[in-house]
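Should a chain be cited, it is by its letter among A, B, C and D, assigned in written order, with residues numbered from 1 in that chain.
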Amino acid sequence: AVALTACTSNTPSAPAPGAGGGNAASPNDAPGKKVTIGFSGPAADHGWLAAINNFATAEAKKYSDVTLRVAEGTNDASMQISHIETFINDKVDAIVLLPTDGAALTSVATKATQAGITVVNVDREFSSSFAARTTILGDNYGMGVSAGTHACQLVKDKKLADPVIAEIAGIDALPLTQDRSRGFADALKSCGQTVDRRVAAQFTVESGEAAAANLLQAAPKLDIVWNHDDDQGVGVKAAFDAAKRSEFAFIGGAGSANAMRWIKAGQMAATVIYPPTQAADGIRLARLLVQQKGMSDLLQVEVPRRIVLNAPVVTSSNVDKYLPLGFES
Amino acid sequence: MRGIVKLFPGARALDGVDLGVRPGEVHCLLGQNGAGKSTLIKVIAGVHRPDAGEIRWRGEPVTLADPQAATRLGVATLPQELDLVDGLSVADNIHLGHEHARFGFTRRSRTARATTALLTRLGHPEIRPGAEAGGLSAAERQIVSMARALSHDASLLVLDEPSAVLDQREVARLFTVIRELTAAGVAIIYISHRLEEIREIGDRVTVLKDGRTVAGGLDAASTPTKDIVRMMTGRAIEYAFPPRTEEVIDAEPVLDVRGLSLEGRFADVSLSVKPGEVVGLAGLVGSGRSEIIETVYGARKATGGTVAVDGRTLRPGSVPAAVASGLGLCPEERKSQALVLGDPVSHNITMATLDRAGFLDFAAERAAAGELVAALDVRPSDVDREVRTLSGGNQQKVVLARWLLRECRVLLLDEPTRGVDVGARSEIYALVRDLAHRGVAVVVVSSEIEEVLGLADRVLVVAGGRVLHEAPAGELTEHDVLDIVLRGEAA
Amino acid sequence: MKGNRTLGLVIALGLLCVVGAATAGDRFASVDNLLTVLRLASVIGVVSVGMTFVITGGGIDLSVGAIVALSSVWATTLATQSMAEDVHWIVMVGCALLVGAGCGLVNGLLVAYGKIAPFIVTLAMLAGARGLAEIIANRRTQIVRDQGFIEFFGGSVLGVPVLVLVFALVAAGGWVLLNRTTFGRRTLAIGGNPEAARLAGLKVARHTTLLYVLLGLACGIAAVMLMARTTTGTSTHGGLYELDAIAAVVIGGTLLSGGRGTVVGTVLGVLIFTTLTNVFTLNNLDTSTQAVAKGVIIVVAVLLQQRLANRAGESHAR
Amino acid sequence: MKGNRTLGLVIALGLLCVVGAATAGDRFASVDNLLTVLRLASVIGVVSVGMTFVITGGGIDLSVGAIVALSSVWATTLATQSMAEDVHWIVMVGCALLVGAGCGLVNGLLVAYGKIAPFIVTLAMLAGARGLAEIIANRRTQIVRDQGFIEFFGGSVLGVPVLVLVFALVAAGGWVLLNRTTFGRRTLAIGGNPEAARLAGLKVARHTTLLYVLLGLACGIAAVMLMARTTTGTSTHGGLYELDAIAAVVIGGTLLSGGRGTVVGTVLGVLIFTTLTNVFTLNNLDTSTQAVAKGVIIVVAVLLQQRLANRAGESHAR
């Protein structure tokens, strides 16, 4: 798996043209055949998704041979299908698609592939492997596992007997939230623990604050809290601070710059990275695919079919390494 | 019907009413405002269920559980508060609930034909079956309601104040239709506050007072007016207009309207009213009188001409400007244009006196409202009661009270006695005169030419959106006015 | 007035098309793109036609999106799908319609006989139905396995996608029902003046209930269409449909207070919103700018349309 | 009637508290938890009080959430924050209030003078303001750096959190304004029968505009409170506030069609919803079950309350 083929600069406003990211520069960046890429993702209604968008557009700007078409972000599968249909009508060369729901977008993606368009599937996987040329997956289940494993580590390190473990999930109706929770629960099971309290927020700062405020009342004493999303984490943290509660280890998710800074300042135990650069990577890969180039770090001349991103845990011991990668949300 | 009782929260609307109606007769129902006439009608129509009493139909006891049941029996009603659906066409309104249809699909040409036939019978072939009811004038709406009642081919037709907004000509047409119906054996219950109508059309009279039958089956033609009025009100009332001011007013006019026009409605209307003067607008239904005074008031934006109060020209189309300079309007349709039905009487009375920002003084508000309610004899005299639950005539008094409280200098009255009983009517007449004495300028619009002539000092005759004639009221007779109007219409 | 109102919408749509063609050229003015717009409009369009009836009848329904979600989920459960496998995919369709109509019935009964404000009833249904959908689906996306179903609804008849055809049928049926039947007349009457309607002997409560059932049925149809389009049933389907549908209905000229409704206006309203999104996408506007532009365009369009209606109204009066 | 209606709400809230205490014991019935509930209720509560006025006056506002978002974003931009650093954090507060009132003014002018249906105007504002917020914030969460601001609004006075105090003040002010001033009375009249109000000489258009400005101002206050609570300003603040606020207002007994409004009812409505969520969370219910339970509880509560009101009404008549 390739971890973070991201750019050096994490702020999209300061793109480094032609730079091949932290990984070795390669002749692949040299301008080639003109490529039109359509990009469609969910409504950028929270920080991580906004970062996805920002990284994607910034990445596209780096290449003089890439024209990016961005469809309106939407949470309605039907609407997103019509965006893809528009791209097909438009005869774009490639489509980078972060579906609102992988299964729901599968058939239209298959149609695009059949129309000869290179489809790159990002983050939420299609239900058919014929729908996309390449799939870049953030690992939601793995993210839960990472968080759970780290929690188990904490239990062992601190020698907690009968610890109270809480989980603040994101939008509960989304399959990705279910995957994260499942991963978390499975990892905890391995060290004999369970989730004692679970609340769900809406991926927004405000809902995070409200959910956390209620959670704190529900549990007078907490040992470990895993919050799925660092963007809502800003609100969660505000609730903790307002209640002056810090007796527990606070683990985050996604890996925003805010979270990293808190870790550095000792206000947070850890966060699990869920890279918001996936779509940007998708655009790079789409360009390579259309220009029929391979990935320079691989001996393979073809771009792989499936790339699963790692979900590393950031703690105070390695935060300095990851801080530059934290996204501002 | 025997011993009908109907209770409302806080009121005994009907308290043992007896009523017997024979086929082919016109049975008149008389009573003061709030006597319970409309409530009784609603019981017959199946709208209200009586709390006690017995209803027999052709000798059989029946229960009228809902309006459908009444319709099935052959009862059709024309309710007092015109209940038309604004968004529907005239034809659809008339046939609502018993549409001409096949398999649920409306048969439009048939409906239109039936509608035209009904309207022609009522003398109004010019009302288009396809016109939206919302765009009709009050009188036209009344006609449509009447057509609606007729469309049922009922054997008992109940008319609750059908003539309230109609002029003489219309009333005459209505009577022709009623006579046709009675000749065919249809029974009619007829409610009106105009006693002369009762004499003309009625066969027998039942008088209600405070929810009880005080007299039933009186002969309509021979019972003396005095007796009827005494039975209704418990006292004798002279049904007469108060004397006019004799002295010539030589003050400058308060209200001065010059060349006022509203495109497509009326043109070049000039009128001036001096303090203490009562000016009447006479004319037939649809002649544009309501629109003229609404435009004077700023409720409609004039397309030409000026309105000046005390020599200062008002901003056209601004009601607040008009009110600020002392104008007040009692509009034609009290329910939709004047009252907040769900609010208490007191709030409705003080509504026009809220223009200053600040805190409310409840005690003062209730006291002021209470005083006016007492002065105008609004019944019941409870100022906290929702206006909705007041009878029609009492609602009208509430609107009047609003402008009395404001002490406006020019009062515009559009059909001020619509639905008001004999007693209250003479009270309102006296009130208007009294106001004039105190220097208020009054403009009165009424479809009863007699009322305009009796009440006003000076009369303007309006037809087709033009002022045809202006003369002191004393110099005109009903006949003259009709003559002028008809000649004007012909021209 | 009514004709002018519709004319205003047609002009707005026309202008939008002109802008689309001018800025995106052939990419906009192609048959394929037209069909894309129509397909997108179909699902929300069916819901909006149903919503026209409820709003015309003096009600409102916030639960349409949730009902769509619940119907789609229920129709794609393992049980339903395996039954459909044994019998025919029509079972899934029937299930979706039944669930939709059932939810509508609950709404209708509570509004008409429980006498609770429609806003509250359907708000409760919004929460309840979506919650139930999540529970049934266990928050997973359920995939439609029946290829016959997908092929049927994903297919075309004489070049017209079946989805668009369904929308056209629903719209035509809705128009006839509202304008040419006693049911429609009564709906207008009940919305415009419920008291008068009662006096006229209409069965107001029963009729009101029927209106909600009708809308529920429309939601069921929309769920089927969505299942075909996305090949899935999930509790996240139909998100914010309530706003979209009400917006289309109101922009179309139906009075939110009831008593006046136009199916043609609703259809135009839906098309305007869908075309707007399409033109935006073709012109590569970013989402935030789109939102701002959308807001401004709505206001300007309605203002213009009102001017137009007034002017026409005046000249009519002369 | 009105008293009974409020009584019904009080009983509903009381029952909820009993259930809370029974199922969650001391965790529910503690001062801390009470304050938590109140703090949660504060932000949406302020918006709902403002909404009461607009709805009572016959309007509706779908843009409240978007206005909250825009205000919070505008008040936390780099420019505003550095100006606040130089002067005082009151600058941020002023900025939020001004932006809120400004948006309200635009809504009001378009409704009252543009004569566009409030639903459409505020729908446009919903899209526009949120889009603008996203553009200004570049979809980032802007962190409030001024500690003075956070400490002030995060603090307590005599054990009562400042946020709760602000809510209490707004509610009390709203109550006085609606029930004890000519402004409130005019609002009722205009909502009850706008034509009658106009013919009685009230400045209907100006007053209507003011109502929207008032609500905009409330949104500005809510934005400040949210900034203090979350220590951030972002374009995602205020999500679905329109539904929550309207729901609280309507449950509280204000007529959606205007003409009748109760601030006390609204406050109770907000408290009921907030307490419900709190009790659910204390009992560790999952969100789907919460949603279903919420739907059922709303309907049952309103039905019960109506029964109660009717019975009381009858006994009153005897």
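As a working rule, a residue touches a chain if its C-beta (ideal position, glycine included) is under 8 Å from a C-beta of that chain, and two chains touch if they have at least 3 such contacts.
The structure presented is a predicted model; accordingly, all values stated were derived computationally and were not measured.
Computed from the mean C-alpha positions, the centre of subunit A lies at a distance of 72 Å from the centre of subunit B.
Subunit A and subunit C have centres, each the mean of its CA atoms, that are 34 Å apart.
Subunit B and subunit C, compared by their mean Cα positions, are separated by 44 Å. For subunit D, residues touching at least two other chains, in rising order: 134, 139, 287-288. Along subunit B, no residue makes contact with two or more other chains. The set of subunit A residues touching two or more other chains comprises 44, 53, 172-173. Taken as a graph of touching chains, this assembly has some other topology, since it is neither a line, a ring, a star nor fully connected.
Inter-chain contacts occur between A-C, A-D, B-C, B-D, C-D.
Residues 180-186, 188-189, 192-193, 195-203, 259-260, 313-314, 316-317 of subunit D are the ones touching subunit B in the complex. Taken together, the subunit C residues at the contact with subunit A in this complex read 27, 30, 32-33, 36-37, 39-40, 43-44, 130, 134, 139-141, 143, 150, 154, 226, 229-232, 234-240, 274, 277-278, 280-282, 284-287, 290. Listed in rising order, the residues of subunit B touching subunit D in the complex are 7-10, 297, 299, 319-320, 322-324, 329, 331, 336-343, 347, 350-352, 354-360, 402.
Touching subunit D in their complex are the following residues of subunit A: 44-47, 50, 53-54, 172-173, 197-200, 202-211, 213-218, 220, 231, 234-235, 238-239, 241-242, 258, 328-329.
Contact residues on subunit B toward subunit C in their complex (touch as defined above): 45, 47, 66-68, 71, 77, 79, 83-88, 92, 96-99, 101, 104-106, 108, 263-264.
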